[in-house]
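Same chain, two partners: chain A is paired with chain B first, then with chain C.
Let's look at the complex of A and B:
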């Protein structure tokens, strides 16, 4: 039987079926974990109100379904999740989905800029270092990479703030745009870009060092292989050799790392967004932990898992595109 | 001609001597070793440098470094001695780094060994769980765990161990999968050695070297995670920690930047020492890998 389904669609379906149990596992685990936390939403609400009588607390619990046994609560939560209903945020008094979608744009923008920066600069520097392996240039680049790797993003953020905002006054300290600016068109774009310079730099430097080191060893390895010697013997110039023959093959491990690092990068955005008061998912995660807004926290974990799985899927597609020896199965 | 005249090669020096010779060839690795020893020294002599509580008031608040000889690195906004906080902070960083690494490697070895040795549905199940842990951004999971367990240093260390076991588990699994059908394992199995003895006595010792090298990476990451938590105000407030110092120094960044810069440099150097150490160990253990 041959239904004319393109292989890529079959592959995507397969991956979807593999991802679903993982997501269900994550959500059940998180739900049970959060139930272990001292104090529930009603405690937090009543605490905010400054206390209430026992009957009122009991009524609130019943209203939120918190008086049910834990398995019933879990079942209800998962059933609602299946329809992408993440419940209400008690802090923002909005559906969690609305709160999350409000914040998603900022985080995705930050991810996209820092990852593309880290990836492209890391790869170029790594290839550059590898071509001049064990020279002064290589040592300089590799040392820089090691120092970037060892610098915590929050420390780097503070030092950049000190230099560029406090001492020089070039860049804004925090936020995503000038509050009373009301910029439109290009002015708005420039304004947002100015606000994103430091967070992007702080987030990307660590990953830049990852790509740099990986690319350096990868290029050294590939440059040693037979097909490169053959190409050189046939008279290919050094530039052509690098771009056409070496880079394409050396890129493969870096692409794998791209998918693997994405979840760590999302985690890193918690710190950076909190420091620069960027209204994104990371800052929201920190605030929900502090304010015990469990529904929002679960929503963030759900959304982040989906994003990570999606990025990994896209990375695998890209991988297969770059290396035709790999078949999607 | 006597036996003594035959040109036998002199006996090879003991293994640790060879190891040290190979390690020493890498100058960066030597630097890492020196930095690492310095950090250990700092942690060891913290009690001698300042026998009192490092969090007590030691002088006028916000004294700049190099002004008062009794407080060489100055004080923070609460008048606490930065130098003694730095030394006691080394203790916390090392403690968290070592214990969290041990926890994560222990979990990783157990899960990876079972998964790689038995295969089949056990492997499937354990790998799904590993994937689940890998999918959640580790810092978000860490925040959640700390919110549940509280900010005591023991729990923070435990939580850091819990969020970082996936990479060692995968490494152990891969090693086990390649080793489980080797001849020496088959031979032991035919002698009637039990599964647990096969796992821990036969295969594990052969699977360990890459894990030991990777431990330096986990240790560096654990220290970074602890300091990030402390920076966000979720660390244990009863101990001097570098992350705590930077977080509190943030409030006075404009006027007294040294409050956050000094502990920041300490973190950078410590993490740097671990990476250099790890690279040195790797090169010394696999001498042929390096060209």
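Let's look at the complex of A and C:
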């Protein structure tokens, strides 16, 4: 029987079925790990409030279902998750789904702009440096890359803040928009963009150095291969050589890194989002750990595992596109 | 004869008022503008009748008003205009302010007070539920008279001093018949205050705007208040310097920045306005450890602490030595006539020798596992200083780093510590949250209570009698006795008392002009922009 399903769809379907047990394992593992941390959200809340009496504490634990044994809590959580119900956030007193969707946009915007900036500029600079390997230009670019690579993101963020906000007064210190500015239309877009300049710069400068260094070594390596020599012998110009023969092959490791970093960036944005008080997922994750907000934390991890699996899938597709020797099986 | 209110510590408060910067006269007040205030942590609820916490008051104190507030001249009528107690202490009668409307237009009446008192203050509000445990009912003899009936005597001065924090009425018509804890108005409060709630963007800000229908004629001055959540203290300092926020309270920036900004003439930096928000940095003992159960050891440890040095280095001078469980802010209930323990390393060593703990081959007498509270810079540094000075007198202190839930569990539930250093916040009257540190029989796992395994019948009896003593003078004497016993027997060392610190832009006028300013309504705050 021929159902005429394109092979790519079969591949996607198989990946999907493989993903389900992975996600379930991640969720159970995380749940148990989080339960190993001392104290729960009620302790964190009571700590914030500066104290409460015993009856108040007991009532709150019962309200959140934290008075039940751990396996009951786990069962209840997984049963709800099976219906895509992520539960109620303890801290925000809203459904976790609402809280996550509120935050996802900011993080995606930040991630997408920083990563694409880092990826494109990093690759161009890396290739450029590689073509002039060991020259003054190369040294300059490589040194700059090393400096950005070695600078902790919180330090870079604070220094930018000091220069551009405190000393020069050009850019706002933090937040996503001017509160009580009541901007609409293009004014709003410009306002948000102004708020995102420093966080995006801080995040992308650090990641840029990864791509730069990786691309530089990768291009140097590929440029030495036989097929490049052959192409050159056949009379290919330098530009054609670079774009068609070297870059395409040298890109593979950079794409792998892109896929890996897309997931790591969720973590990397914790520091930047916290310092610039951007209402994103990173900041939410940090707060949720501190506040032991189990449901929100589990929700973030659920969302992140889905994103990671999705990005891995897309990376694999891209591999096949870049290097036809790789088959999707 | 009715029991009259005694304005405790009026003289002391008046002294503070005299030292205040000149308050602006009516003609130079500018109306309008938006004040932007720094908040460190996100708030789960904005209902002050469900959660007694300065973080909640800092926002909702502008939206929801208490019955009584505290000014530098004593207790100030807000929604209650008069208060009297019966001779037997079993009833307290409040006259309520007339012609006050909730932000949704409904009239504020006695029903609201009665409903909130029974359903929230008595049942749900932390600290209030033990304070109001004997509250039987609240009768409304007319729409503007509320009679609180108690089954055991309730001292009027205790009731009144608790009201600024634990006495916020909420609108009955929005809460009745609903599940109070999940009511949507808990995060979008409707009050009678000078500012109306507009929106709460999680992780970003809370916005409130001017209430045009406010009962104080001609107030408030500001158009809007924005509270911005900035978790990172360095970023908050940068926002202050860039002029994006006008005030950061409750030690919202690091001490290094406090000292730096104190030099900057664009800011007022100091502890004024926190006279009612005083906390102790403590050393807590686990008396289940036989070494620490020995009074002589605890006294020796106190002698080994250079309190003045800690005040200068950790709190940068914004603090004073503690004199037992009640701070100076306790006014009449406070005494400094107690045993004190001078810094004397030699004496401390000698006392430890006498107690039977000589220095062993490894250079130490014994080892203690110490849990420092993670409540920010003060507690972390004070914990490190404590460990360091104990080593000088031959006690090896191992620090167990932990986050907030880890600390609270380790100390107050699992008793997995020898010593801990934490934070005791004083709340207007010792009966509200102080004596629970010394009274035995606290439910296990309750933070900031006597979970130390220390018990004294004399102390327990004194605490119980003082809580229902109606005569303020006798009551004050009882608290002095409690303080003296505590300083003699040292169940806990209340080492240093400190108010919080605010950094305020000089553009804000009339700021920090009450002893609980960050929690108050800011009706007279204005912005000179």
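Here, the second predicted complex is superposed on the first by the 300 of 329 C-alpha atoms of A that agree within 3 Å, B and C clash if a C-alpha of one lies under 4 Å from a C-alpha of the other, contacts with A are read in each partner's own complex, and residues count from 1 in each chain.
Keep in mind that, in the parts below, contacts are C-beta pairs under 8 Å (C-beta built on N, C-alpha and C of every residue); 3 or more make two chains touch, one makes a residue touch a chain.
Because the structure is predicted, anything quoted here is derived from the model rather than measured.
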item	value
Contacts of A:55 with chain B and chain C, given as first, second, both or neither	second
Which of chain B and chain C A:172 touches, first, second, both or neither	second
Contacts of A:287 with chain B and chain C, given as first, second, both or neither	second
Which superposed partner A:149 touches (first chain B, second chain C, both, neither)	first
Contacts of A:93 with chain B and chain C, given as first, second, both or neither	second
Chain B versus chain C as contact partner of A:33, first or second or both or neither	first
Contacts of A:21 with chain B and chain C, given as first, second, both or neither	first
Partner chain in contact with A:274 - chain B first, chain C second, else both or neither	both
Which of chain B and chain C A:308 touches, first, second, both or neither	first
Doubly contacted chain A residues - partners chain C and chain B	37-38, 158, 161-162, 166, 274, 286, 292
Residues of chain C touching chain A in the complex	34, 36, 41-42, 44-45, 51-56, 124-127, 129-130, 181-182, 186-187, 201-205, 207, 224, 226, 228-232, 234-235, 238-239, 241-242, 244, 375, 402-410, 423, 425, 433, 442-443, 445-448
Partner chain C, residues of chain A touching it in the complex	37-41, 43-57, 59, 63, 90-94, 99, 102-103, 158, 161-162, 165-166, 169, 172-176, 179-180, 274-277, 279, 283-284, 286-287, 290, 292
Residues of chain A defined as touching chain B within the complex	21-23, 25-26, 29-30, 33-34, 36-38, 146-147, 149-155, 158-159, 161-162, 166, 220, 224, 263-268, 270-271, 274, 285-286, 289, 292, 297, 300-301, 304-305, 308-309
Chain B to chain A touching residues, read off their complex	128-129, 131-132, 134-148, 220, 224, 227-228, 231-232, 234, 243, 246-247, 249-250, 253-254, 257, 260-261, 264, 267-272, 275-276, 291
